[in-house]
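Pasting a structure below so you can have a look.
Note that the chains take the letters A, B, C and D in the order they are written out, and that residue 1 is the start of every chain.
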């Protein structure tokens, strides 16, 4: 049957994926949740009609949001993950024996339930004993934390809808406070290419630079996200993602990764001129 | 009016762009040629229904196919460009005063005529006195050349249709022969993401490695190409694209570029693990 | 979520319906079966990706395939329905107390099961005691019948795939034989508008006229079928659908119908000139 | 090239036509005007992105808006046509030698110019000496006319945008006044199927019945209009479209028509029950 999922990558650009089966549809308190079986990307999770995760390319996102900070500071022991209901970020974190405690704060419990049932590929490690699930607003959760985490990963949806609060100045300030004196903040940073995404990216960058002495941006190729050109923010109180990278230490861990390696760790911080200018304009 | 251009990025993925006006349609001896005015990407050139160039993102492709070899060997004086009928590669090359002679071999004169009329943004430098246009088959042109060029850029269409010959073993062998002893070959190398593109990429890589001692691959973000994750091949008889990069020399030239810089030059050669494995499998 | 079902109404025409939920997908021995929940048409049954029935406009098809012969001959007592797995034709027939026996022959039991579960609007009367379900090939079923039915309704899919046999000369000949001396055959007759449909329509008409002395065609508006312009064939051994229409008798029955009335019964046999010519060409 | 024109037939239904070439685009004082070359429908005229006329099916619309009133009253001599910039209605009218004078009032001269250049199939008779073109607002034109026309044909666009005024009470009242004592008004009446069209249809019907003693509605199959099920209104001061039909007289004229004949003239006034109820609700 000729069934297609379509997402507007910009008001004038459509990205359409052939659907084999619409496996799940539901509406939580926060958003519409759907799971689609597709030929090209395997299973896809969409929230309010936007692709969040596909089985085919999720490894790119999860490798790069996780291993970049972990390879920069191998001493990370306590991690806060905000959002990330699909579990992919936690799955990567649990590969590190050195991590002792992961708080994962997801506002929408139904996303986790749906992913556990339909996308075990990402949700497989949510019952690791080190993982503590909190179904609440990340914005509120982080308010009361102080000097507690080595790493905060903000694996949010786009800066409108339920994820909006995770792009505010207040939130980034609270993240700063919740981090230890050598803490690292990594956040999904939208895309530089289409206009609306680029504005969101610049806003996030401007706000983070107001708090952290080190603020870098790195890029990845995620084919199912608008333009395929996606950014992450790396902010920290002390660590520099390139100078402090301990490539040998990370490589000795022997972790299997499909996208990340310590060369692309460095390479991904080299940005095109037009992106550098967008960031400079925002600062 | 609701008019959309649609391209299959894979058999199960469609990429659609809203069209303001269909400016030109024609059929040359070799292919169907169309120019579309769009809201998101400005003017677009398609050949046989596939996007070749858009005004919005062509700078990425043309920066990276040109400046990477030029910054590696600032002594390049004679260049052969194969394909590239839109003129964007030549436009970038003519920025270098050190280049003395450019042979551009495009099989389809109508492509050049159409781009001159409708896409002057890329075709603007085709009448630079150093540029010599040859409307013939690149495969044949290169057969009779020996020890002549410092740089060959293969700016081809996909490896089926008119561009097919530019992906053959014979062609790469002739390129080797046509290059001087320190010559460089750069070619568009397809994408690692969707299956058919990845197979084309592996085939090209395998064939090139049969001739050149140095064979590297580098990656760029091109939103209008399938998956947005695109590769170029850098092959040479002597120069290493990273070790021999003379960043200071290039930066002193003061060229304005929107994507390329000497950091991303290096960074773009750091590939994801899965792409490295595809290349290793091909070798 | 932006999920669309698309059907080619011709090779160059697409008809797309927004989908709320993909309720069912399965593959029987004969075909792919899907049920979609849509905003515009309610639930839709598709077989091999083609719309068979929608809750919004099925009344048109089922009214016109049933009440036209029933109003022509109020004495119909024994009916054979071939195809029609959704049950809509049977639902209309069971409104007539005068009908004593209905044999419904559907090759694909799974279609009936799916419609009972997901589209009760059409499948609601399949357990009427007068209805006898036979899950077998209609082509074979009718071979062994002789002088038995007052009415045969061929409610088939298109003349390719599982429905192909129901458009053959052999099949129509067997229908003739299975009918009593005043028997009527009504069949879905494809559309006159798009080329492929029109060819199928002409073929069916040519074959039926080889057996029956009375062969008329009538038209209806079915928005979800290609072009919206659909035809039914009325063939009989004796009855003329207009001269023998007993409008008063039918109106006295007091049946509730949303499309059919005795005026449109007559009006629907008045065909456009171009359709009359297509039929004449076929005869 | 994969280029598609798409029209929303309802908010949840898309109708898409493959485009070979976008022949013309322009913006008049009143609307966006485009002409597309298509494989299935030949040339298409769209106004503000909605299909007005296609070469393949325009004969249906123009036959039925013209010959129904002309066959009802063969004595028609003076005709007012409002809208109809493509010229198809006038083309059919000029087939009648008995017609002495046609005023055609089209608000948008550019529509006529474009059709003359790109769609001569419909615009071929606009220079018949009996045709008088007036490029002005039909609503205003008709205000000053009294007891002048035997027939007014309102060949308008949809009841929003430039065509809005042609669906008002004031307009219909002025048409009544402009008609002679046995005058006929025929208007395009939208469709009964999709909700928004049906509301427009009911509004028009209600308003017309406020002025004319005879108010009937007839239906046609127009595949490129939403749902394919389209209506025309027949209002008159005296003539009944069925009782006064002089079929023999019309047939003696020997006019060639591809859709209209005197049987379908009668048949098209037989409406489905649901449409009759919509009309009754509106009255």
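Methods note: contacts are C-beta pairs under 8 Å (C-beta built on N, C-alpha and C of every residue); 3 or more make two chains touch, one makes a residue touch a chain.
Please read all numbers here as calculations on a predicted model, not as lab measurements.
The chains in contact with subunit C and with subunit D alike: there are none.
Note: the chain lying farthest from subunit B is C, by mean C-alpha position.
With centres set at the average Cα position, the gap from subunit B to subunit C is 57 Å.
Averaging Cα coordinates per chain places subunit B and subunit D 54 Å apart.
Per-chain Cα centroids separate subunit A from subunit B by 33 Å.
Multi-chain contact residues of subunit A (touching two or more other chains): 4.
If you draw each protein chain as a dot and join the dots that touch, you get one closed loop, with every dot joined to exactly two others. Contacts between chains, counted with the stated touch criterion, involve the pairs A-B, A-C, B-D, C-D. Note for the complex: subunit B touches subunit D at residues 1-8, 19-22, 25, 32, 34, 36, 46, 48-49.
Within the complex formed with subunit D, the residues of subunit C that make contact are 4, 10-18, 38-40, 57, 60, 193-194, 219, 221, 223, 227-229, 257-261, 263-274, 276.
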